[in-house]
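Below are structures written as structure tokens.
What follows is a pair of complexes built around chain A, which joins chain B in one and chain C in the other.
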Partner chain A sequence: MFENWVNILTYLSQGAWTTISIFLVAALFSFIMAFIAGLSRLSTNLLLRGFTAFYVEIFRGTSLIVQLFWLYYAVPMLFNIDLGSNWWVGVIAIGLNYGAYMSEVVRSSILSINKGQTEASIALNLSRFQRMRQVILPQALRLMLPEFGNYSIQILKGTALVSLIGLSDILYYGDIYRSSNLSEGPIAYFMVLIMYFIIALPLIWLSKKGEKIARKGVAS
Partner chain B sequence: MNSQYWSWETFLEAFPIILEGLKITLGLTVVSYLLAMLAGFIWLVLEATPWRPFNLIIYWVREFIRSTPPIVQIFFLYFAWPMVPYVGMSFTPFVAAMLALGIHFSTYISEVYRSGIDSVEKGQREASTALNLSTKDRWLNVILPQALPPTIPMLGNYLIILFKEVPLAATIGVVGILSIARSYGAQTWSYIEPLTIVALLFLLLSYPSALLINKLEGKMNRRFDKKQKKVGVSE
Partner chain C sequence: MEPIVKYDDVHKSFGDTHVLKGINLDIYPSEKIAIIGPSGSGKTTIIRLLMTLEEPTDGDIIVAGENLWKMEVGGKKKRANEKHLRSVRKDIGMVFQHFNLFPHKTILDNCVMPLVKVKKYKKKEAEEEARRMLDRVGLGDKYDAYPANLSGGQKQRVAMARALVMKPKIMLFDEVTSALDPELVGEVLEVIRDLAEHDEMAMVLVTHEMDFALEIADRVLFLDDGVIAESGTAEEVINQSENPRLQDFLKRFRNSSS
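Let's turn to the complex of A and B:
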């Protein structure tokens, strides 16, 4: 029985790299999107602010699976854009979706920094860029850490959807295994869950760590 | 934009067909959410047992459910549960999706309850002990009335998040809006319009609700702040 479990795990691990690579690139992409969109929403430029608000609300208001299908079926036809491969479709959908969610974290963390800090930087004659880069962001970044940790786990969970657009990730191999060994279905899916959990463990640890850092040295 | 692929005719034709699925999508959202609220409470009770090893197990089980993909959990319940020895039985797609989503979200909801209960000041408990209130009175009349209102916006947020996870059920054949849109696409070979309709429906329902909850949150925060200030003055 135990041997069987190991067999299933090795079989599933064929899909591990797809899951992990999509997770890593999508996470990086959504961090970048989060900062671009989060900062743009605080800009003084009305057009930029309006455009980012539109992006954020569209992606936060619809579900990831719908966006994934839309990107997969509709975008290539409608806009004549070839996104390269399904791997990129997955990365872009997940990155845009969670980038929108995380941009709200960036925005609210920046807004939560005491106004006195901004006023002091103005008094010290720092430029807008210096003010953000050297005074506000270093303080805001710390507040973002726990939420970023949580969202990284959400991103990992989101990657399981890419098997629906034909990528061979962990879930895909789990499905294949189950359909050829019906009676072992429970173990097969349980092992899929275990594999996702193993990948999530360092992320859970990181978000706990982030919470600690965010709390450290702060009154109240 | 390549307008030759977009047809308003298809859009108008598909719209009422897809709208039919909204009942199932919303129904699944509501029942999953009710299950999550109930199960979230059960987690709290399980966590409160004084035996530590059991608490640890509960903690990790919850962490496990929370950090693994809900779609795999849906597949597990739908495809694999019937094969589980002794307790296995087959569910209809709707029930399988309801159980999976309900249990998945209960792990979040229990966290919300916990934060609500933790937000009640310690003095309130001590005062109820000093007043010799029974456990029932203490919970029903002192702690819960203060713990629950601040959690309402958070609970609302999770309802919206859950609503956006419900189309996952399309993968096991629950005939919600996404499922209808996909089969419409498979029949007519036009995916763009039906999928856009689905996206629009989600946006139309979730965005106003999110605004409403934001407003509620602001209101709650103001109320909470006032309370704090009052305490500050009297001290």
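Let's turn to the complex of A and C:
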């Protein structure tokens, strides 16, 4: 039996790189989106703020799988835009979706930094950018770490949806395996779970560490 | 002598609350001014306007000949932008009630960062200057400590060193001993006394330490209900004024502190 498990794992691992590569790039993309959108929502520019709020609410308020289908099926037809491969469609959809969620983490962490920090920076005549870069962000980042850890685990799990737009990730190979070995369905899916969990382990470790850093934090 | 700061009929409202109702005040170079008055009279607001932490509702504040909150663009007066504010407030420094040290930086870095980023000092020169100033406030042995590991009095002295390295021409003190345990007040006042005696910069203190204010101030302002009700030397304001509100304030103060 044990041999069978290893066989299944080996089979599934053909999809591991797709899952991991989509996860890594989508996570990076969502971090970037989170900072762009999070900072934009704090901007004094009304238009920028409104536009960003629109983006965040749309992507938070609709389902990721529908967004994925939209980007994959609808957008190329409607606007004649080619997003490249379905790998890119997956990365972009996941990145935009989680970027919207995480922008709220960025925004609220920045807002939670004591107003006195901004006032002291103004009194020292730091520019707006320097205030953010030298004083607010270094403190806010610590607060963001645990939430970013959580979201990165969610992003990893979210990548399983790309099997629905024809990408051969772990879940895709799990489906294939099951359909040719029907009696082994339960064990195949169990192995899929194991596989995701193994990939998530370092992320779990990282977010624990992030939590510790945040808790140590910075007492004034 | 020309005043370095001039308040011209300055008003400030927060929502429906009219806090400052026409402040006229000249501050001269190296003058030491204490602002006293009941809580809620707008003492802190006066200096927060000068530090550009609040914007006046009406009136002008002139700093070294420049209008702080308004700038001229093509002959028209416009609301000051960030660049204008930065160029005018470079001569103003402030120490806060709650210190507002940067908790993620060592106390040396608290002083070095603004020198490097704002005054464009080289790192080495900035460190020398920061050390000199920390020595002066008696924290020469704490360069590498983080603010969290200091007592309130030490934090406030770091905050003063940090403001001082920027060499302001006007230094504002916003109730700097109010958040301190009573036994730590003395060490902070000692530093301020030293500055008042030996430094050329103008100082404006908003304080509840009445005796101390009267001792070091060249001029005492009594703020009441949003206007400067009395102004003069400590002697004039305390002993000669017949303003009943001031007498009442002083009496209540004496009673509560004895």
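Please note the rule applied: the second predicted complex is superposed on the first by the 216 of 220 C-alpha atoms of A that agree within 3 Å, B and C clash if a C-alpha of one lies under 4 Å from a C-alpha of the other, contacts with A are read in each partner's own complex, and residues count from 1 in each chain.
Note that in this section a residue touches a chain if its C-beta (ideal position, glycine included) is under 8 Å from a C-beta of that chain, and two chains touch if they have at least 3 such contacts.
Everything numeric in this text was worked out from a predicted model, so none of it was measured.
Look at where chain B and chain C land on chain A after superposing the complexes, then choose clash or fit.
When both complexes are placed onto chain A, chain B and chain C end up side by side without any clash.
With the two structures laid over each other on chain A, which partner does A:A188 touch: chain B (first), chain C (second), both, or neither?
So A:A188 only meets chain B here.
Using the touch definition from the top, say if A:I213 reaches chain B (first), chain C (second), both or neither.
Neither partner.
Per the contact definition in the header, classify A:S63: touching chain B only (first), chain C only (second), both, or neither.
First partner only, chain B.
With the two complexes superposed on chain A, say which partner A:L111 touches: chain B (first), chain C (second), both, or neither.
neither
A:I198 in the overlay: touching chain B, chain C, both, or neither? Say first, second, both or neither.
Touch status of A:I198: no partner.
A:V6 in the overlay: touching chain B, chain C, both, or neither? Say first, second, both or neither.
In the superposition, A:V6 contacts neither chain B nor chain C.
Angle at chain A, chain B to chain C, CA centres, as a multiple of 10°?
For this superposition the angle at chain A equals 100 degrees.
With the two structures laid over each other on chain A, which partner does A:I122 touch: chain B (first), chain C (second), both, or neither?
The second partner, chain C, only.
After superposing on the shared chain, does chain C or chain B touch more chain A residues?
B
May I ask you to decide whether A:R178 touches chain B, chain C, both, or neither, giving the answer as first, second, both or neither?
Touch status of A:R178: first partner only.
Across all Cα pairs of chain B and chain C, what is the smallest distance in the superposition, given in whole Å?
17
Considering only the defined contacts, which chain B positions touch chain A in the complex?
1-2, 5-6, 63-64, 66-73, 75-76, 79-81, 83-84, 88, 164-168, 170-171, 178, 182, 185, 191-192, 195-196, 198-199, 202-203, 206-207, 210
In the complex of these two chains, what residues of chain C are touching chain A?
Residue positions touching the partner: 51-53, 82, 86, 89-90, 92-94, 96, 98-104, 113-114, 117-118, 147-148, 159, 162-163, 166.
Please give the residue numbers of chain A that touch chain B in the complex, ascending.
Spelled out, the residues of chain A in touch with chain B are 57-58, 60-67, 69-70, 73-74, 77-80, 153, 156-161, 164, 171, 174-175, 178, 182-186, 188-190, 192-193, 196-197, 200, 203-204.
Provide the residue numbers of chain A that touch chain C in the complex, in ascending order.
Interface residues on the chain A side: 114, 116-117, 119-120, 122-128, 130, 134-135, 138-139, 142, 218-220.
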